[in-house]
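Per-chain numbering from 1; labels A, B and C assigned in written order.
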Amino acid sequence: MAHIHRVKILVLSDAASRGEREDRTGPGLRQLLEGEGWHVVACEILPDVGAGISRRLEAWTDADGCEVIFTAGGTGVGPRDVTPEATRAVCEKEVPGLAEVMRSEGLKKTRLAALSRGTVGVRKGKLIVNLPGSVRGARESVMAILALLRSRLGNLDRVRRVIKTLGMVNCTADFQQQPSVINGFSELFADVFGKDHGVGARSAVGMGSLPGNIATEVE
Amino acid sequence: MAHIHRVKILVLSDAASRGEREDRTGPGLRQLLEGEGWHVVACEILPDVGAGISRRLEAWTDADGCEVIFTAGGTGVGPRDVTPEATRAVCEKEVPGLAEVMRSEGLKKTRLAALSRGTVGVRKGKLIVNLPGSVRGARESVMAILALLRSRLGNLDRVRRVIKTLGMVNCTADFQQQPSVINGFSELFADVFGKDHGVGARSAVGMGSLPGNIATEVE
Amino acid sequence: MAHIHRVKILVLSDAASRGEREDRTGPGLRQLLEGEGWHVVACEILPDVGAGISRRLEAWTDADGCEVIFTAGGTGVGPRDVTPEATRAVCEKEVPGLAEVMRSEGLKKTRLAALSRGTVGVRKGKLIVNLPGSVRGARESVMAILALLRSRLGNLDRVRRVIKTLGMVNCTADFQQQPSVINGFSELFADVFGKDHGVGARSAVGMGSLPGNIATEVE
C-alpha cells in the first residue's frame, strides 16, 4: 500500500484573510489532493504580505509535519503579488523545471499562464510549490506535476522502506556484506529509476549507483 | 474602441548609438506595434552600458508615459551584452513565463533563440520586455507575446473603464451597495477571465473574485 | 576543416571522488564528445562541495585551455546537490534558454527531467554547462544542445578565421576601405546568420550588421 503523503496548503489572499470573501481555492486543492490519496494536514489563509508568508513557510519546513507545501495565490504581476519572492527568500534551492512544466502545461489552456510567476523550491527537504490563486489555475498546475511528485515521492518511500526493512544504515558497506539482498534492490532500482540505473551487474547495485540526489536523500 | 497603449522602445547598440550604423530594429518595431494599434511614444538608442540602461529604464518607469517598454539588443552571451542584468537590477519582480514563451516560439524558427537571455520584469506597474537586437528576432519575440499583452492590457482597460463609470473606488463595498450593477460585471468578468472566475452567483461577483493580481492592479 | 573545440569535463560525485564507485559519466561524455570531433582536454572528479566546485570552474575559465566546460552531477534536489549554485556563483551571466532546452528535451524521455536544476552560464568567454549525473541524463542533455553549440562555435571560428585572414582588427573601418572583401563576408554571414542578417546590400555587410553578441565576441 502506498504511503500517504502529508501536504500543507497556504492560501494567499488579502480579501479571504479578512473574511471578506470565501476562499474556494484551498478547499478545491484539498479535494483534489485527497482524491489522489494525499493527506492534507493543514490549510491556512494569509494576507499577501511577504514577511508573513516567509515566516509561515519557515515554520512549516522547520517542523516535520509534511513533505510538500502548496501555496496558492500571489503569483501574478500586481503590486501585492509577492509569493514567489517570499518563497525564494527562504528556499535553499530552486527547482525551475517544475515551474516551467506548470507554465507550459497551463499555456495549453490559456495564454495567461505565461504571467504566473510561481516558483518551486526546497527547504529542509520539503518541497514548496507556488500555485496560481484561482481554483482552476491551481488545480491545473497541480495536475501538471502530480504524476511526477507521486512517482518520485513514492519511489523515495519505497527505497526508504526497503532500507529500513533491511536495517541498512550505511548502504554501500551493507551491500558488500549482504549480497543476498542485491536482487531485490536491482529490481526496485530498475523499476524506480529505469534500465540505465543500477541494474544488471552486481557492481551497479550499491547505493552509489543511484542518481546522486536520490542517494543523498535516502540515507 | 480599444484604448491605444503607449509603448517606449529602447535600442541597445554601441555602433548605432555612435552613429556608425543605421538602426533598423527600432523602426521595425515601431512599424509592427503601430500596425497593431499601439502608440509608440519614444524610441531611443543607447550604448551597451549597464548603468546607463538601468537609469533610462528607471526614468521611463518613474514617469507615467507608457504601459510597456521594449528593449532591443544586448541579450546575447558576449561581454557587452548586459541588458538582462541592467533590467533585472531595476525591476521589482520578474515574469519568467513571458521570456520562456518568447524563447520557445523563437526555437521553432532558429536554434539560436536558446541563446537569447532576455528577461521580462515589472517596475512601478510598467512592463519591461527584453527583445533580441536583430530586426527579425525582435519582431518574432514581440509577435510571440503580443496577443497576450493585448488581451491582458485590453482587459485591464475595460475593467478600469467600468469601475470609473460606476464611480467605484472601494469595489467590495460598492458591490454590496449596488446590486444592480452586478450583472454587467458578471458578464465582463466572464468574458475577461473565463467561466471559472466570478460568474454565476452573486457572491462571486465582487472584486474579490478577480484573480488577486488583477484586482490589486485595478483599483 | 572544422576547428576542434576544446572541452573540459568536471564530474561531481562524493562516492566517485573517494574511489568508492567507478565513474561512468565522465568516460561516457568523453566518448560522445570525441565522436563529435571535440577535443576533451581534461576530465576530473570532485566531491559535491560548492566552494571546491566554484574554485575549479574559476581556474578553468581563468586559463585559456577550453571553450566549453561540462559539469555532470549535483543538479538534483538533495542536500548535497550544489552544482547549479556553485556555477551561478562564478558566472558573469546566465543563459537560461540552454537549460530550458535541455529540460524540455529531457521531458520527452522522462518526467524526472523537470527535477534537474542545471544552469548554463558564461565566465570569461567560456561556456559552463551543468549536466545531470547519470550517464543517460548527461548524454541526452548534451545531445539536446550539441547542434546549437556546434553551429554557433563553428560560426564564430569561421568569422574569426576570415577576419584574421584579412588582417582586420577594426572591422567597421576596414570594411569602408576594402569593399572588395564584401562579397565573401556577405556569403559567410548569410550562411552563418540567415538571410535577414548582413546580406544583400553593402550597408548591411559591415561588422555592425552582425548580431551584437557575435560582433563583440569576434572583436
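Definition applied: a residue touches a chain if its C-beta (ideal position, glycine included) is under 8 Å from a C-beta of that chain, and two chains touch if they have at least 3 such contacts.
Just so you know, these numbers come straight off a predicted model, no measurement behind them.
Between chain B and chain C, the least number of touch steps comes to 1.
Of all residue numbers that take part in the contact between chain A and chain C, under half occur on both sides, making this a different-residue interface.
For the copy pair chain A and chain B, the superposing rotation over Cα atoms measures out at 120 degrees to the nearest 5. Distance between chain centres (mean CA atoms), chain A to chain C: 32 Å. Contact of a single residue of chain B with at least two other chains is seen at positions 96, 100, 104. Considering their complex, residues 12-16, 20-22, 48, 73-82, 84-85, 96, 99-100, 103-104, 107, 110-117, 132-137 of chain A touch chain B. Interface residues of chain C, counted against chain B in their complex, comprise 92-98, 100-101, 104, 122, 125, 127, 145, 147-148, 151-152, 172, 194, 196-197, 203, 206, 208-209, 211-217.
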